[in-house]
Amino acid sequence: MTRYLSRRLVQALATIFAVVTVAFAFGRLSGSPAALLLTENAPKSQIVALNHRLGFDKPLWLQYVDYLGGLLHGDFGQSYRQVGVSSMSLVLERLPASLLLGAVGLTAGILLAMVAGLVIQLTGSRGLRTTALGIGAVRQAIPDFFFGLLLVLIFSVTLGILPSLGNRGITSVIMPALTIATGQFILYMRLIDNSLTEQSSMDYARTAYARGDSRFRVVLGELLPNAFLPVMTVAGISLGGFLGGLVIVENVFAWPGMGQLMLSAVYSRDFPVVQSGLIVVAGLFIVANFAVDLCYALIDPRVRLR
Amino acid sequence: MNDSPAETVLAVDDLQVHFSTRGSRGARRTIRAVDGVSFALRRGETLGLVGESGCGKSTLVRTIFGLNTPVSGSIEVLGHRLAGLSSRRRRAIQNRVQLVFQDPYSSLNPRLTAHDIVAEPLRIAGRYSRGTVASLLDDVGLGADALAKRPAQFSGGQRQRIGIARALALHPDVLVLDEPVSALDVSVQAQVINLLKDLQEKHSLSYLFIAHDLSVVRYLSDRVAVMQKGKLVEVGSKDQVFDAPEHPYTRSLLASIPVADPRRRADAPTQLQES
Amino acid sequence: MTAIDQIPDLAPTAAGTAIPRARRMPRIPALQIIGAVMLVAVVLFSFGYPLLPAFDPYTQHLSLALTAPGVDAHHLLGTDSLGRDEASRLALAGRVTLGIVVAIVVVNSLLGMSIGIVSGYLGGKIDNLLMGLADVQLAMPVILVLIALAAAVGPSVWLMIGVLAATYWVGYARVARSVSLGLRERDFVLAPRIQGASGFWTVRRHIVPNVSVQMLILAVSDIGAVILLTSSFDFLGLGVQAPMPSWGLLISEGQKYVRQAPYLSILPGIVIFLVVAGLHLVSQRFTSESTPSRKRSPRTTQKKGARR
């Protein structure tokens, strides 16, 4: 077990290192940021002074070393726009909101998919399956941001029952979470449906039926735990795409999360904020993958964490 | 066969081709696919090579054509060792040995017409002319209407003829035939075998004929070599090998040939039907 | 093979007697026709409307700003906040979006095909290197890479195209590689090699034609995903930049007026839906995906985000 853990730790550090280096490289791509941060007709002396203050006149490798050193001290660079404020603190401030939305959205999506999949399996209805898949496919052809906008149009503008912006109380999370959940629905529904169908033709299922167990009991008790495994795998794999969708949804609903922060950092060319954001995202990835592996090991006795 | 001192067109000397694989526990094992094979093919003769699957026939063939590299040993074509030559010279010599594949269903590109398939070696060598393609196909018994058709429109036997025409395009001296009729219906086999015999006479070809069907081997070959686990266990004239086999493996191979007359089955290895 | 086997409609059943295949359900391409209609409608509108004299996406009629569709005879789809003809804007946006998407897909498929064929056909160290590259880019979500670069050098449509070209080729490469690997040892590929064909020759004549077909299939079903992706980027301001219109941008601009003039956002959204759903219908045939039978093994479905 310890070998496994230490291997994962090394992998994690390597990933973070890679992300950090790539972020550094990107950041230096635009040359000196000073010219961008100041106004158009700033005198050259000001540009030079700012460059010096930010450390951009040093040779590249030295900047890199300084940067790494700073990271080890917990210094992730200061925001260009909010002088004196650590970019990492800005990012971490927004982290809980993103986590909340992501968790609620993903959970709702998987739950929805599970309910649909189970109902289809229990009733054996082809019509239901076709309908569910059809609805899912229609939703898939609508971009998330447009779907969100439609929700706002219907529930905020026309009906006025839900708030359209920001995070003001529990009702605010409904529409963004719904957008995410419906988007994830088709992915997991197909997966669960296929998985349950595959499991239902296996010997252990037939044995259970032969024993006299009711359909209800067999599907929920025997098939579901096995069918759930691929869901976790896919959740882990599609994490990247999921995060992308999260950024978009945060933007549509002005949800105060990390994605929204990073986007506004793009508009204001505040690179350190983006940089810190990337590091946090990489960290989240690592934690999430690890969690998935752990869950897998707990649920599936065939897996051994070597 | 000529009576004049026969020239050796293809000579293989102590060829060793090894593969290393990982066993189930990670241990490396060396498989000696070709383990010291030597033979000489003379002009105009047919050397039959028999052996069960897995004996190394395919590896031998691939090595002759440069698709596998031998660990040691040599291959000489028309007296020239391929290894030390300049690439142009090597290509010219290599082209004198051509291959006819076993499976007529996968040896032709399904998207190309018969014309294009036979034309390809000519185009590669810069010797293309439409007349040459037509005459090559005519040589194997396919008329001008075959030119524009695709493999799917031909039968197995016809596809094999196309393969033979392709192999003859560069006027080789040696044809290696890798189980050329195994995938064909019995009735068609005879036609293709006869075609091969005619072509051999017409173009003074030497054949290395690989097969597992012993009756076919007997019909076509002058000499026969028997291969087992990478080694040639017996080499001799056809009559010698079939009537008086020396090696026990040869004997067991021959014993498995079906004999039609039940009264003669007991004496099986000694008398065989001519096909 | 007996003669009966060769008559396509009389395949023998397990019982040994031939039963006509008319008993099988004929495939009704109704959904595909609907999809094709949706697709063609949008394409025709985007590329046909600009040819009409009424086409004018630039002139501002400020007095007519934010007119709803159907109110003014000259502006059947309404006007935007600057009084510009919405129908013209929509058509122009269609040209821009579709043009960019097709360009992206073409670049990616060609790039992916080349890399995949080289990787599959040559094998060995080159294969390891290229596939290693492929795995690396799989880890990071495209949007974050785009955000990072846009924050560094400023957002632009070329940046978006570049980032997508650098990451999206992987899906094509993998398919091209596996097809090439499979073909490499086929007899009809070995034959020319034995007869002196160079690698180029063999690849060009025998491998590329087969791989191209697969690339085309992949590309057609990819276009929908790329439309959604680029529209999202445009919406966020990471792609096409104003004043050039694109569907995503129009929706973003319309968002500001969602209360007074919802049609500004809805129209482009509907157009996107028509194209993407139409493509999906035409290329994937809903029905074949939606009914996994008990006996068949579950099929791998094409998930839109799976290749990122």
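Of note:
First chain written, first letter: the chains are A, B and C, and each begins at residue 1.
We adopt the following convention: contacts are C-beta pairs under 8 Å (C-beta built on N, C-alpha and C of every residue); 3 or more make two chains touch, one makes a residue touch a chain.
Chain labels with UniProt names: A = Glutathione ABC transporter permease; B = Peptide ABC transporter ATP-binding protein; C = Peptide ABC transporter permease.
Just so we're clear, the structure is a prediction, and the values are computed from it rather than from any experiment.
Under the touch definition stated at the top, chain B and chain C share no contacting partner at all. The innermost chain, defined by the distance from its C-alpha mean to the mean of all protein C-alpha atoms, is C. Distance from chain C peaks, on a Cα-centroid basis, for B. By number of C-beta pairs in contact, chains A-C lead all other pairings.
With centres defined as mean CA coordinates, chain C is found 49 Å away from chain B.
For this pair, chain A with chain B, the centres built from the Cα atoms lie 61 Å apart. If each chain is reduced to the centroid of its CA atoms, chain A and chain C end up 24 Å from each other.
By the touch criterion stated above, chain A contacts chain C in their complex at residues 15, 22-23, 26-27, 29-30, 126, 129-130, 133-134, 137-138, 140-146, 149-150, 152-153, 157, 187, 190, 193-195, 197-198, 200-201, 237-238, 240-244, 247-248, 251-252, 262-263, 265-267, 269-271, 273-275, 277-278, 281, 285. Residues 186-197, 201, 205-206, 209-210 of chain C touch chain B in their complex. Those residues of chain C that touch chain A in the shared complex are 139-144, 147-155, 224, 228, 231-232, 235-238, 248, 251, 255, 258-259, 262, 265-266, 269, 272-273, 276-277, 280, 286, 289-292, 294-295, 297-299, 301, 303-306, 308. Contacts from chain B toward chain C in the complex involve residues 65-67, 91, 94-95, 98-99, 101-103, 106-109, 111, 120-121, 124-125, 166, 169-170.
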